[in-house]
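Heads up: the structure comes next, in C-alpha cells.
Naming follows writing order (A, B, C and D), and every chain is counted from residue 1.
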Amino acid sequence: MQTRLEEILEKGQEKVPYGKTADYIPELGRRDPNHLGICVFTKDGKKYQAGDSQIRFTIQSISKVINLAAALEQRGFDYVFSKVGMEPSGEAFNSLVELDLTSSYPFNPMINSGAIAIASFLQPIMDFEEMLDFSRRLCMDPEITLDEAVCRSEMSHASRNRAIAYLLESKGIIENDVEKSLQLYIKLCSLSVTAESLANLGLILACGGINPVTGERLLKEDVVRVIKTIMFTCGMYDGSGTSAVYVGLPAKSGVGGGILSLADKKMGIGIYGPSLDQKGNSIAGQEMLRLLSKELKLHLFA
Amino acid sequence: MQTRLEEILEKGQEKVPYGKTADYIPELGRRDPNHLGICVFTKDGKKYQAGDSQIRFTIQSISKVINLAAALEQRGFDYVFSKVGMEPSGEAFNSLVELDLTSSYPFNPMINSGAIAIASFLQPIMDFEEMLDFSRRLCMDPEITLDEAVCRSEMSHASRNRAIAYLLESKGIIENDVEKSLQLYIKLCSLSVTAESLANLGLILACGGINPVTGERLLKEDVVRVIKTIMFTCGMYDGSGTSAVYVGLPAKSGVGGGILSLADKKMGIGIYGPSLDQKGNSIAGQEMLRLLSKELKLHLFA
Amino acid sequence: MQTRLEEILEKGQEKVPYGKTADYIPELGRRDPNHLGICVFTKDGKKYQAGDSQIRFTIQSISKVINLAAALEQRGFDYVFSKVGMEPSGEAFNSLVELDLTSSYPFNPMINSGAIAIASFLQPIMDFEEMLDFSRRLCMDPEITLDEAVCRSEMSHASRNRAIAYLLESKGIIENDVEKSLQLYIKLCSLSVTAESLANLGLILACGGINPVTGERLLKEDVVRVIKTIMFTCGMYDGSGTSAVYVGLPAKSGVGGGILSLADKKMGIGIYGPSLDQKGNSIAGQEMLRLLSKELKLHLFA
Amino acid sequence: MQTRLEEILEKGQEKVPYGKTADYIPELGRRDPNHLGICVFTKDGKKYQAGDSQIRFTIQSISKVINLAAALEQRGFDYVFSKVGMEPSGEAFNSLVELDLTSSYPFNPMINSGAIAIASFLQPIMDFEEMLDFSRRLCMDPEITLDEAVCRSEMSHASRNRAIAYLLESKGIIENDVEKSLQLYIKLCSLSVTAESLANLGLILACGGINPVTGERLLKEDVVRVIKTIMFTCGMYDGSGTSAVYVGLPAKSGVGGGILSLADKKMGIGIYGPSLDQKGNSIAGQEMLRLLSKELKLHLFA
C-alpha cells in the first residue's frame, strides 16, 4: 500500500502544471502549487502517507461537510432541509443565478449559498469555539487552528458571498444576523488542516460516525448516510457528476487544495494539492483519487 | 385644460381598484390607494392641478433621474457610462440575474443595480445634504424633506438591494463604501415630493435644463437629452416599451406611486397614485398619462 | 419477501391520490392513475411480484438508459462524452435554458437534450428494429413492441423536443438528420414494457452486464458502471439528489409511470405507477422504492 | 446636403475596419466589407445619395418592420400584441433563453422569435408573392427580388431559428405550420434592397404612412406610430438603448448591413455597410447615422 501510494503520488505530480492555485483570494494564491500529499487511514487502524501530507492548509469548502454535520446533529433533518435542498445545481459553487432564478432556497449544502444558510442557523447555537472543537474531534486533530491571515484575506474579499448572504436574507432563508453568519462561515473555511486530518475525518464517515480508534460515536448513523450521499452527488462543485463516474467515491473538495474522500466501511482518504482545475478542484488530487479508486477497486459500482 | 385634467382624473380613478399599494415595504403599504392627483406645468408658465396633487409621498425610483443628473453633471458622460449601461434590461427593477449572468455592469441607470452603482461614486463627492439641495432646486420645491419613517422602513427591508450592492462590489463596479452607497441610495428614494414637484422637474427637463421661471440653467443640455432618452426607453421598469407605444413620452415611475413625465419643449407632468400594477407602476397614473398624451397629441411620434 | 412487497404496495397506494398522470401527451393522460405494481428479481434467480406488475405501459425516459447503453457499446466512452456531459443539471428534464445558457453540450444523457443527442449519432448505426431487439434482450422481454398510439400522440406533441433537437443542431452537437434522430428518440420512448421487464433490466445492470439466467454478457462491465453512476446522480430528473438521499439506489424514472432501479450485485427492481409528482416521477413508485430500500437496507451508504 | 453626406461617408469609412461581415451565413460573409452607402429622401421630394447607395443587399432583419406593418394592417393591434410583446429584451437577437425563461411570448417584433411568430399568422393570409408586392410598394422599389443564393444559404443554416419556431409552437404562440412560417420569415429576410429603397420606406414612415410622391396612403397612421416607437426602443438589437441615446432616431438594422432610419415628419434614411459590430449592426452605418443626426439636429430630444 505504501509503495502504491508513492507511485500514485508520482503520477499525480504530472498533473500539477495543468492547474493553478486559487487566485480570487490573495493569501491562497501564494501557496506553493507543487505541494502534493495523500494520506489513507484504513478501518483496521493502519495509516499510510505519501508526500506533503503534514503540511497545513485551509480547509475551505470541505468545512461544508462539518457545517452540515453540526446542523443535522443539532437541528435535525427536517429543519435543515426546510432551508436547503439536496439537489446538485449544475452551476459553479459561487453562483447566485440559480438561487434567484429557479429556486426559493439553495440547491444543496455543498455550495456557498447552502453552507451560508446553514451557518446562519448554526451561529446562535454553536459559536466558533464550539465549531472549532467539533472540527478537531471529527478530524482527530487537536492542532487545527484558525489561519488568521487567510481569514482576514477572505473577509476582505467576501463581497460575492456577502451578496449571496443578503439575497438569502431577502428570501427569508437567513433569519439571523447576516454578518455574524458570514463571519462564522468564513472562519470555518479558514481552519488549517492536513491531508492526515481529512483522512481521519473520512474514516469516521466511512465507519458510520464512530471513531474507530476510540470506539466513540461522534455522529449519528443517519446523519452520516445523508452526508456521504450528498458528498457523492454534490461534493466536487460542478464536476461532481464527472467525479462520481470516474472515481465513484463520496468526496468534498476545497479551493485550498484539499480533498476529503472515503471508501465506505473501508478507509478515509485525505489529499492536499493546491494546484486547481477550472472548477476549483485539486487537479493532481483528483487524479490521485481516481488512480487509488481504480487500483483498489473502490468505485461504488465497481 | 383644467376641465380636461379633471375628466382625466375621473377616468383614472376607475383604474385604482385594479392595483394595490407596494407591499414589500410596510410603510408604503399603508398609503391610501385611492389617492390620485395630477399636475401639468406648461412652458408658458401655467400650472394646472387636479385631485391629490399636493399630497406628499416618497419619490422612490424617480430619484434615479436626479441621481443620474447629478452623476452626469459631476462626473461626465464617459465616466458614468463606464460603470452603467444604457440598455433596457427586459427584467424587473430589482433583478440580480441579468446582472450576474449576461452583463458585467448594470444594464441602465433606471434599475436598482444601476442607480446603486451611481450612488456609490456620487457619495464621496455629494453628500446627502447636497443631494437634497440639488433635488429641491430641480423640483422647485424647498419643502422636500427626508421621510424618516419610510427611510427607516426601507433600511430594514434592504437585503435585496444590499445583495445587489455587494454583487456590484464583487464585480468591481462599486469601489467605495458599500453601506454608505446604499444609505445614500435609500435616502434619496425616501425624499417626499408632490405631483407638483414632479411637474416642476418635468418642465425643467422639457426646457433642456433651464428653469423657465427664473431662466437659470440647472442642467447641461447634453445631460438632459441623455436623461430624457433613457427615461423613454427604460423609465417604466419592464413596462417601458409598452409605455413608449401607448403614451410615447419620457417617463419615470416609482413604487411610491409617483410618475414624472414631460412633453418635450412643452410641459412637465407630475402624477401621484399609489395603487400599482404588477410591474410597480401607478395603475391609474399610467392611464391618466395615456389619456393626456392622446388628447393633447403629445406622443413623440404623433 | 412476497409479503413484504404486498405491504409495500399497500403503503404505496396511499400516495397515489397526491399525484396525477402526465398531461402533456393526451395518450399518457388517459392511463388509469390507480395502477400500481412492483417486481423484484434477485441475483439467485427468484422473482417476486405485487400488484399491476404485468400491465404494459410506455417506457418513456427509462429508454434513455438503453439509449446510453447502446451508444457506449457502439461508439465508446470518449465519443459519447464528447457530445454529452455527465453532470446533473439542476433543471427540469425538458429544459432548454441550461443548454443554451451555461453549456455548449447537454448536461447528461438522462435529460431529453442529452438523449436526443445520443439518438442522433446512434440512428445511422442502429435502426429502430435493432434498437427494439436490443431492448428486448436487455429486458428479457420478447413481447416489447412499439405502442403506436402513444408514439403518434408524442409525434404530434413533439415541438419542445424538436426545438431542443434543432438547438443541438445549431450548436453542432447533432450532425445527422434531425427529424430521423427525433423519430428514433420518440419511438424508443414509446416501447411498451412491464414492471417485470424493468426488474429484468435492473438485474442485468446489478450483475455488471451479464444475464444471470443464461450467463450471457450483454453489456461491458465498464459501460454498466458508468450507467449505474449516472442513474444514481441524474436518473430521477431534478429530484435525483433527493432520491439519492432517501432511497440511495441507481434509478431511472419515466413519465409513463415506470421506475427502473437496482441494488448492485443483489437485485433488479421494476415499478409501475402512472400517478406522477410535479417533477414527473411516479409518486407511489418512489415511496415503494424508498420503503424497499429502507426495509432491506439497500441504500448505497446503508 | 450633398456635400455633408459625402463628408459623413468619408468619416464612416474610417470605422469599416473595426467590424466584419456576418459570418454565420456563408453567403453573407462573402460581401465586400468596404461597401458603404447612404441615401436621404426628404419630405419635400429631394433625394441625396453618397457611396454605394445603389448596391443590392439582403434586407435581413429590416424585413421585421415590413412584417410588423403587414401584421398590424391585416390583423390589428390587439391580435398582434396578444402574440408578441413590445418590450426591449436586453438580449441578443437570436436568444432563446429569455423566451423560455422569463416570458410566455416573444419580447417584441424586432427580434427573431417575435418576427417568426408574426410570420406564422401572416402566412395563411398573405403569401410570399403578396408580401413581396407589399414590400415593393413600401420601398417604392419594383426591382426588389428574392436573393435565391442567400435564401438557400439561410435555409440550410436555419437550425437556431427553427429551434425558436418549435419552441414557439410548444408554447402555443405558433398555431400554423411551423416550416411554412419559417420559410416565409426567411424569404422575407432574403429580399434584395438598396440604401435608396430603405430611404424610401423611411420617408413613408416619416410621413405617417403616406407615399409623399403619389399622396397614396399605404399604412394607417396608428400602425406607423407603433412601428416607429418599437423601432426606437427595440430596432438595433441589444444596442437599441445606446442608439437611442447617441442617435435618437427610430432605426432598424439587419445583418446584411442595412439600416433603415427616419427623422419623423422630415426625411427617410437608408444606409448600407456590411461591416458589422459585435451586436450585428453596421459599424460604419451607425457612425454615419450618428453624425447625420448630430449635424442636422435630428435627435428626438435635440
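Going forward, a contact is a pair of C-beta atoms (placed from the backbone, for glycine too) under 8 Å apart; a residue touches a chain by one contact, two chains touch by 3 or more.
Everything quoted here is computed from the prediction, not taken from an experiment.
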Field: Partner chains that chain B and chain D have in common
entry: none
- line: In terms of mean CA position, the chain most removed from chain A is D
Field: Where chain A and chain C are represented by their mean Cα positions, the distance between them in whole Å
entry: 32
Message: Roughly how far is chain A from chain D, centre to centre by C-alpha average, rounded to an integer in Å?
response: 54
- prompt: In whole angstrom, how far does the Cα centroid of chain C sit from the Cα centroid of chain D?
  reply: 47
- request: List, in ascending order, every residue of chain D touching at least 2 other chains.
  value: 101
- prompt: Which chains are in touch, pair by pair?
  reply: A-B, A-C, B-D, C-D
Sites on chain C touched by chain A in the complex: 85-91, 98, 102, 107-108, 224-226, 228-230, 232-234, 238-242, 244-245, 248, 250, 264, 299-302
Footprint of chain C on chain D - complex, ascending: 95-97, 100-101, 159-160, 162-167, 169-170, 178
